[in-house]
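Both complexes shown next keep chain A, but they swap its partner, so chain B is in the first and chain C is in the second.
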Partner chain A sequence: MREKILYGVGLIAGLYLVRNLYQILLVLPDEVDQGAIYRILLFHVPAWITCFTAYFLAGAASVMYLIKKNLNYDTFCVAAVEVGLAFTLIGLATGSIWARIIWGIWWTWDARLTWALITCIIYSGYLMLRHAVDDPTARAKNSAVLCIFSYASVIITYKSIDWWRTQHPGAVLSIRTGGGRMDPAMESILFQNAVALLMLAAVMVAVRMRQEETQREVESLRRYAHAAA
Partner chain B sequence: MDSRNFTYMFYGLGAAWLILALYVLTLVSRESRLRRELDSVKRMLEDRERAAKA
Partner chain C sequence: MRFLRQTLTIAAKDLRSEIRTKESLNAAISFAIVILVLFSFAVDPSSEQIKEMSGGLLWLVFAFAGALILNRSFARELSNDCLDALVSSPIPGSALFLGKAVANFVLLMVVEFVSMPIFGILYNMDWMRQPLWLAAVLVMATWGITVIGTMFSALTVNLRMRELMLPTLIYPMMIPALMAAMRLTTLLINGEGIPADDWIWVRLIVGFDIIFTSLAVTLVEVVLVG
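So, the complex of A and B:
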């Protein structure tokens, strides 16, 4: 039953994404200054919204793990970080391709881009740390602490356009600016795409959590087998 | 309109979908590997129990 719901939500998210892609490519007009390339941003921004949400939830789950010592929080945390990292890579790749046309360069070391890359590296390090510790309880405790501290990097990435002068554009979404910086039709599709990606990410997190539970079962059976031998 | 605009727009959207597809494929392959591992460990334990009884 749980599996059917999971795949049902995944299917709805996939269809929603395809519908959004149709709107982005065939319904929305070109932007006056940027032409067709601005359409990338309708995936770029939702990808960052999705990964920041995943990292926030992972941080919250880490705090809960340290309080409750329940390994289910650790399972959620690793799943959310891994899925968040996939969306971080989408954000970095799409941003770089957009920059190639708009700025004439693939990359620049401005505060927003640099912190985005640091965030990506820190969360990759989190996943690597988990492979380095064998004991499940020590692994969960160490990675929960790292995950909480890592969230500082997400906050800095998010606020960097306010704190420093960056080549990266400033805030354009109406929830941050009060409106007037982006066409409402374009912004509407952007948020719809964010909803579709969040739904897809939720399914991926659920699948990844199940895999982590299976992995833990395999490890505990192996330990039992070694102890019994 | 600059035609590079369209080309790079498709590169961008293609990159986004490619990364998503690669991650989904990673999840699928990990799922089947874990099932195989779980089955083999369970089988090994059952064999041991049977051998211990015999």
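So, the complex of A and C:
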């Protein structure tokens, strides 16, 4: 039953993305200043919204793990970080392509970009730490603490456009600026894409959680077999 | 008051054992000098360019040398199960952590005070033009680095590949403090004050210190005891 629901949600997310893609490529006109390339931003911003959401939930799950000591929170945390990291890479890649067209360069050491890259490195470190600990409880405890520390980089990445003068464009979404920086039709598609990507991410997190649970079960059976032998 | 005494007892214990053995201090200072020398091959030491890079160079040296000190901080307690004894002793985990952080801070400051004049001589720099501000930046950024380093030293103490994991985890985490310290140190070594635009970096270091010290003090009990 759980799988059917998962695949159902995944299918809906996929179809929704296809429908959004049709709107983006065939219905929306080119942007006045940027031409056709602005369309990649309709994936760039939703990818960052998705990864920030994943990291936030991972941080919350880490706090919950430290309070409740329930390994399910840890399972959720690793799944969310892995999916978040995938969307971070999508965000970096789409941003880079946009920069190549608009700025003429793939990368610049601007505060927003630098922090986004640091966030990516820090969360990769989180996954590396998990591989270095064998005991599930110690692994959950150590990675929960690391995950809470890591969230600082997400906050700095998010706020960097306000704190420093960056080459990266400032806030454009109406929830941050009060409107007027972006065409409502384009903004609406951007949010619809965010919903589709969030649904997709939720399915991926659920699938990854399932793998993690199975892995934990295999590990415990292995320990049991060793103890019995 | 009691908490302070416990913290200082731990710090004094670490410093005393370090003064007797000098195992990390010697290694860190020689390592710092080696990197300072190596950098002279990477850039022309007599050029104007070095002025622009001075802060970055110095903080890379401190960060690399610091990792040697931080790596030993909790690892030295592993032999004879000293860490278990410390954890079960009647002092809170936060006092144990702060004590170790203070000891690491003092050691790293020693490395910095030895490296600065050597840097000045090797690269022909008059680094004492803004001594008070420079000292303030050194103290604030070093504290930030030690708090993160000591916390992660505790976190990675029981790991396989500890020596590899610690630098991989701490350097990205230290970046806010390092970035600010590099920028401010370059300005101060070149004799400029801190222009209004660059006050953001001072605020960044102060914020970094406050946020991560409180986070570490809150979470260290979990890391040590479970």
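Criterion: the second predicted complex is superposed on the first by the 229 of 229 C-alpha atoms of A that agree within 3 Å, B and C clash if a C-alpha of one lies under 4 Å from a C-alpha of the other, contacts with A are read in each partner's own complex, and residues count from 1 in each chain.
Operating definition for what follows: a residue touches a chain if its C-beta (ideal position, glycine included) is under 8 Å from a C-beta of that chain, and two chains touch if they have at least 3 such contacts.
This is a predicted model, so every value here is computed, not measured.
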Exercise. Scan A:Thr214 for contacts with chain B and chain C and give back first, second, both or neither.
Key: first
Practice problem: Please indicate which partner A:Trp98 is in contact with in the superposed arrangement: first for chain B, second for chain C, both, or neither. | Solution: first
Exercise. Figure out whether A:Val9 sits in contact with chain B (first) or chain C (second), or with both, or with neither.
Key: neither
Practice problem: Decide which partner touches more residues of chain A, taking chain B and chain C as the two options. | Solution: B
Quiz item: Just chain B (first), just chain C (second), both, or neither: which does A:Tyr224 touch?
Solution: first
Exercise. Classify the contacts of A:Trp164 with the two partner chains as first (chain B alone), second (chain C alone), both, or neither.
Key: second
Quiz item: Touching A:Met64, do we find chain B (first), chain C (second), both, or neither?
Solution: neither
Practice problem: Please give the residue numbers of chain A that touch chain C in the complex, ascending. | Solution: 66, 118, 121-122, 125, 128-129, 132-133, 137-138, 141-142, 144-146, 148-150, 152-153, 156, 163-164
Exercise. Would you tell me which residues of chain A are touching chain B in their complex?
Key: 21, 30, 34-37, 39-40, 43-44, 47, 83, 86, 89-90, 93-94, 97-98, 100-101, 200, 204, 207-208, 211, 214-215, 217-218, 221-222, 224-225, 228-229
Quiz item: How about chain C: which of its residues touch chain A in the complex?
Solution: 148, 151, 155-156, 158-161, 165, 168-169, 172-173, 175-176, 200, 211-212, 215, 219, 222-223, 226
Self-check item: Residues of chain B that touch chain A when the two form their complex
Solution: 1-2, 4-6, 8-9, 11-13, 15-16, 19-20, 23-24, 27, 30-31, 34-35, 37-38, 41-42, 44-45, 48
